[in-house]
Every structure is written in C-alpha cells, then in structure tokens.
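Here the chain labels run A, B, C and D in written order, and each chain numbers its own residues starting at 1.
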C-alpha cells in the first residue's frame, strides 16, 4: 500500500491556465435531499463549489429546491417531482454525486437508477443512502463509479458486520473493489482508496473531530468536483486519492482553528482554500 | 458548596481517541419550536453541534421543520404533525432536550409527555416551556432528567415568588432537587447545580451581558451534547456542571470580544471552540 | 445648540450590574414589514438586539413572520393577520418601533393606530411609512413618542418642500417639535435631536457612505433598544441623543473598515459592539 | 486600444460629498430570477449594494420574491406575476439590469420587452438570458444599453462560432458594437469594452479562478451601480470600464486570499470594499 501525499493534491488540482473558463472546470450534479432533508445536499454542493467546480447543480425534492440558492446563491437547483427530468440534468454534467440525504423511498430508488442508466462515461460518486439502496437491491453501476462507504455501509454491502470490516480494513476494501468492480473509498480512521488493478492507497491525515454527521457529504462534493474537473478524462484513482486527502487535511486545518469537539462539516468547507494547492 | 472549575470541563469533554466516530459522540434530539417560533430550537441545536454531538436532530412544528437545515445544514429536522412519530426519533437519540420555543399548547404537552414516557435511560434536559408545563400539571420525569429553571420558572415550580427564590438561591435549589428527585440547574447570576445525594456546585463565571433572550436555549443545547456524549453512562452532575461552566465562560469570552450590551446567544455559540478543552 | 458627545453614549448605556437580567434590559417590539418587505424589520430588529435589548419581538405580515427567526434566531416573530392581536404583544413590551417596511395600506394604518392607542407610557419610535401615514392623516401620538423623519418625510409632515427643510434644518426641527409636541430626530448630514422644552442637540458624526436604503431602519432599532432599556423611566431626549450618536459613530467605524461606497446598514449593526461603551 | 487602469475606478466612484444622500447614489433595479433560480439575482443585487447604489430593488418570480430580503435585508423585492407591474418599478430606478437567471420563457421575454420599451434615458445592462432572448429574436434596445456577452453569447448574437469570436476578440467586439449600436463588454480572459465612436479598452486584470458560474451576475450588478450613480448623466463607456476593472481586480484580490480553485462570486463581492477607491 502507498500513502496519499502532496502529489495527489497537485494531480487533482493542476495549475489553471489563462484561457480556461467555467467549461474546463466541469459541472457537478448533486442528486439527493428527500423532503425535509436539504442539509446534506447543501453541504455537498458547497464542498463542490469550494473545490473548483465550474458549475454546481442540485436535483432535489420540490419541497426545498427553490430555497437552496437563497442559502448559497451560486447553486442552480432543480425540483425533481418527475424523476424523468433528471436525464436532462445529467446531460450537461461532467460528474454526478448521488446519495446525500437521498433517503430510501421509491423516489430515491428511481433517481439512483436513472443516474446509473444515464451516466454514460461520466464519473458517478455513490454515497450514503445510494449505498444503502445498492445493498438492498443491486443496480448496474456506471463504469466510472466511486463508492464511498463508511464501515457500517461497507458491512451492509459485503453482507458482514461492522466489526469484521474494521478488523481488517484493507481486506474489506479489496472485497468491495472485487465485488463492485469499481473504485472504492473505505472511510474511517485511516481511509483507504482502492480501484480495480490499482495498488490501494491509505490516507493517514484526519482526526476524530471529524466524527460528526455530514462529514461524508463534504467528501462526496469534493469528489464530485475532483472528478468533474480538467483531469476528468484520466485515471480515476489518483483523483479520488487527492479528494480524500484534501478532505482529511481540511479537517486537520479546521481542528487546529476550532478544536476537535464541535468541529462541523461547514468548517471543513471553509478550510478548503487553505488546502487546495495554489499556482 | 463547591465551585465549578477547569476539571469540570475536562470531565465533560475528554480527549478524543483515534478510532472514535460519530456514534461515540452521541445523538442529541431537540424537541420544541411551536408554529412561528423556530429560533429557540435553532440556537439549541447549533449549541449542541458546537459542543461535540455526533448528530443533532430536531423534532419541531411542520411550519418550519424543512427550513431549519437551510440555516444550519448539519441539522436533521423532522416535522411533528403527529406526536406519535416522536417515539421513533427518540429511539436512536442518546439525549433529549425538550422545551425551547415549545409553547404550552396541547401539541406541546403531548410532545413533553411522549419524551417523558419514552426516554428510558436517556438523559433528558427540560427547559423553558417544558418547565412551565410541568409547573401547571406534573408529569413523571425520566430518571436521568435535568431541570434548568431561571428564577421565575423556579418560583412557578415551587409555588412561590421569584423574590423568594432569589433571597436564598441555594435553598431554592435544594427544594427543587428534593421535590423533583432530579438534577437541577438554577440559572441566574451565579448558577447553581444540584442533584440528589450530591454536594451543590456554584458557577461564578458569567456576566450581565448574558441577560438576553435565548441564552437559556444555548445552555440546553450544550447540556444535550454533554449528556449525549462519550461520558453519558457516568454520573450526571459532573457533566451538567461542565456544561454550565462552559456556557458561562463562553459568555465571558464573547463579552471580551463584543462588550456586554448587545451580546447575543449566537455569539456564545461562536465562542465555544475557545472554551471546550483541546487535546 | 449643543453637540452630542461621549457622555450621551454613557447615559444611554450605563454599566450593567451583576444581578440585572433580561427584564432590566427591556423588550422592544418592532411593528412593520408589509407583504414582500421583511428586510426593514429584520434590520431594525438586529440593530435592537446589538444595542442591548433583553428581548426583541417583531409584529409583521404573515407572509414572512415565521421566516425571520431563521435569519436571526434571537427574534420572536408574530404574524399580524388580525391587527387586534397586536394589543397583546404591546403589553409586555417596554418600547415600540413602528414603521420599517410598514407600507401605507389599511393593514398598516390599523397597526399604527393600534400602537398609538395602546402604547400608554411606553416609548414609541415612529419612522418611515408610519410618518407618511401621519402626514396624510393625523393620529393622537403617545406621550413618549419619537419621530425620526428624513428631510423628505419632514417636508411632508410640515406641508413644505424638502429644499425648505434643508435651507434651515434647525428651524424645521423646531417646527416639527412644536407641531407634534413630541421628541424629533431630523435625519440627514448633521442630524438634529429636539424635544419640547429641551435645547436641540446636533450630531456631527456620520458620513455620506450612510446614504443607502435601510440606514434609517438601523437607527429605529437602536432607538427602540435605548428607550426600552434600564434608563427608560428617565428623560427621553438624552437617550435619543445617545442612540443617534451611536448610529453615526457606527457608520464612521464601518466606513473606516469598508470605505463609503457600498457601505451597508448591516455593516453598521456589526460595528455597534465597537461603539457602545463597555464597563 | 487602451488599457483600463486606476483612473477608470476613480471616474466611476468619485469622492462623495457631505450633503449627498441615497438619492444621489442611484436606484438599481435587477430584473431576473425565473422560478427556482433566485441565486443569480441575489448575487447581482448584492454586487450592486457593495458597489455604492443608494437603493437596490429586484423584480423577480413570485416563487421567491419575498424570500430574497431574508438573505440580504437591504434589498427591496417585488413579485412579477403581472409583467405590467414592472413599468411602475422602472419609473423610480436610475439604471436597470435585465437577465440574471431570467430564463427564456414567455414571462422572461415579456419582462425584457417591458424593460426595453420603458427604460427611456436610463442605462440598461443586458446580460445572460436577456442576450439569448435577443439572439433568438431582436428587440429595440434602449439608447443607453450595455450588452455583456461571454464568448458563447457573443457567438450567438453574431451568428458565428465561439471559436471565431475567440480567434479575434477585438474584431468580435467591434462587430457587436456595430451591429447593436450600443456599448458592449466582451467577457473572457482579457475583457474588452467598446461603444459606438469610442476607442476600445482592454482589461488585463483577472484570473482563471473566475471561471465559475455566477461571476457574470456579479459584473452585471456592479455595472448597474456604476451606471445608476452620481456620474450617470455622463458618457457611458468610462463607467463601464470602471466596473469591468473593479470586477477583475476584486477577482484578483479574492484569489490572493482564497486561491483560484474554489473561488466564488460571493468572494468577489466581499472583496469590492478593497477595490473601490476611498476618499
């Protein structure tokens, strides 16, 4: 196994050149947020904005779709009363994040299945309830998918216990990669990144202050921006590693400022400008 | 009587260890916020988030439930049109705060009674309108309850006058503990903490800039996080003391920054990272 | 005429003593905000909170009443579908501000008349559309009223032109005081404060960066807090002078930070902690 | 061609004098924001506020009109269910911005046509969807119009390709000016400013971190404030140049603070006080 280090950050966020515009930096589409649950998509979308996406759109429940841009005016937000409309939103996107606050209703499953059928060559980050839906009933995954389970979600995907996953995290990672045939981030203290045919990578940054609900939503947004951006045509695993490392380092930077207890996902988003490499 | 000091903070917020995750830091459920009154639950929930809770949920009126996460995306918010649904929310919680902005309607009383019936071994913080409801018609309190009256609420609970409470605050505290058989915080200039069989503690921090509506909501959220967290299995009174002291010190830190006049509960929440001990 | 100086600030904001609580610092009720216009009441209410009010309530249009506390959780907000309900809100208030964003509809006039009939001995700040309503059809003013016209509103109240008001501002002030029999702030470059039987005071602080819509709403909230607070039983004019000076000094402090062009009323509110005297 | 420099800023934002009030600094009306798209108008309006407008109003879709002032209380917001009502809002405005988040529906076209018919001598900034509507079906433009296409929009207006526009940007600018007979900003790396009978100006400030959705909305708000303000009676091109330069310099200042990747339009707005000249 190899450790994730500064080179991963530079690969994911290369220096911008003068004539690049928002089209080069990609368009992330976040799919999630069942009725009453707008927070997770808001955090994922903000993380994507702070990670360099040229455009960030949200496909979410009609109950709050029109309200999200009042909290973050850079967002474009679309009400998904008819999941068929999702296909038109996927078309201009260069990466899709599916899962934050998605829930496990029929509405949620239809959105997940539409993402998987329509993604084509786009990178797709599957997190949170998208993983729970996959665990309960499999779906054909897009070729450039990344699964980001925490140990409990990993256990559900593997049909085992959280304790078993934690007892040998590298073995659990390998099993997840083998079973899904896709890139996987196994979250937790010491996150692992794996992908078919790639040597696994370990992230040794991060701290237990990151044990707060919503930290995973920030990672999914960060991954969306990393995979949507100018390096999107290249290999998946290095970009995933860069995003995982940036997330952990932002957590460490935020904990230096604010301490570990009470550290919030929003604090990590605010720390990203201090982590993402500059020209 | 003993004075609350730095040891109380360290007992309530021990150093985190590497393999702890959000499950260790507990899940606080805030119950309150009648129609038109979302502010108190928002302040309590934010205080709980900034005090180290792993997860914070809110059970509140349908009129604003879906809007709270737009103001604070880390919150999970649930509309309580049917108070029976509250039972399912209490199940995963490790501490419950009941009262902020609750009002005294039938809806409010049903929520309070559901909390008291369903809390089981969980710590329950009873504040504001929950105390007024208790004063008008008693309810069997969960074993690990904490009552947090200000002098006016204490007078109503004891069937006496505010002047009588203030004339001998330690005696009023003892009477409240004796009558309820539960832990009590008697708020005011020099807050007292008492519990059955425990020596009362006095908090000598704090300042008159804290005389603004909503300061009590911040304390209730802080208590929720302290009682939901990794030390939740132990004795109640030291954790309560730690939260009371952190609240007062945050008020002093915020007054140093901003002065006393115009000091707001939101300022105390922003000061918590400077008060809660770091590794 | 006398100049407003530091002594005015200290009179309005005396040092707090240990046993004072939110009841001592007063309860400001802001009445305004027609449908679609919540901004003015939000600014007035925030200014009142940052000026030391113990409690701040808002009586406003049902279209947005429940949303204001999401933007500022310390506020208590009440929907005025039935203006009769306003009487119950005035009862616990110690000062009332009427006018910000009020409009000039029948709904607005009924609220203004209810305030004037029910205020009793409370101080009442009449601003913006409340002044326009008074200009078009007089109302018996509460004894402790303060009128805060800008030159255009003053002209309407006096039945003259803005140019005439500006040609001799001290004379316009005296005419307004004589005609209304109440305290008056004539706003503009060099605000004047007058009251029956009192020597007029002049404020020489402030800058043209304060020429932005909403600056008057901040002053009305500041006045509300000054008149609701611990000095509320005393003479009106010195408290009014203290609030007018604090507003101008906050404008100067904010312009030092941010420049004059683009200076916003919200910036003045953020500057208040640097202006209001500390113990 | 000439380069835009510090003199352009000083022409657009002259030193304020003591007796100027909000009337002198102008009233910007922002027209845009179809259902579900409030973010673009919010950013344009905030930019106008931070650029010195005395008043900023928004004419937008009823779905969110009443919510915008909760996010930015200085705004006055009007629901455009009946586009005829727009005429009354144009009357007190001294400059109009039309286009941010406008969409291309019948509602959008009616608003655009109403602006063009009713603007009279007011400056009108046409951006985003207003330009797309113009490209699909021409409208008589007000005499003091400014068109602000990015290269893609410029190509649509000229009936050519983006590559052709970028191959000779100065020629594209001249063609846009000739065809429209109006002032034009051709955005992109090295923005050009042109107007009939004027020598074109080039902006060499700015950076590729500005390749994020919404940056154009900030420019349109800045232009609105520059054209609505005290210099509004004079030549158009120097004011446009000052606004374009301020936008680029704010982008550079924000990138110095936050890096290029993840730079947001809201960051530019926050940088404006450091760019606009001070007395």
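Convention: a contact is a pair of C-beta atoms (placed from the backbone, for glycine too) under 8 Å apart; a residue touches a chain by one contact, two chains touch by 3 or more.
These numbers were taken from a predicted model, which means no experiment stands behind them.
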| item | value |
| --- | --- |
| Self-contact between copies chain B and chain C, residue sets same or different by half | different |
| Intercentroid distance (Cα basis), chain B paired with chain A, Å | 34 |
| Whole-Å gap between the CA centroids of chain B and chain D | 49 |
| Where chain D touches two or more other chains, by residue | 67, 70-71 |
| Chain-level touch network, classified as line, ring, star, complete or other | ring |
| Residue ranges of chain B in contact with chain C within the complex | 35-40, 42-43, 46, 63-64, 67-68, 70-71, 150-151, 188-189, 207-209, 211-215, 257-262, 264-266 |
| Touching residues (chain side chain C, partner chain B) in the complex | 13, 16-25, 49-56, 65-67, 69-79, 272-273, 276, 278-279 |
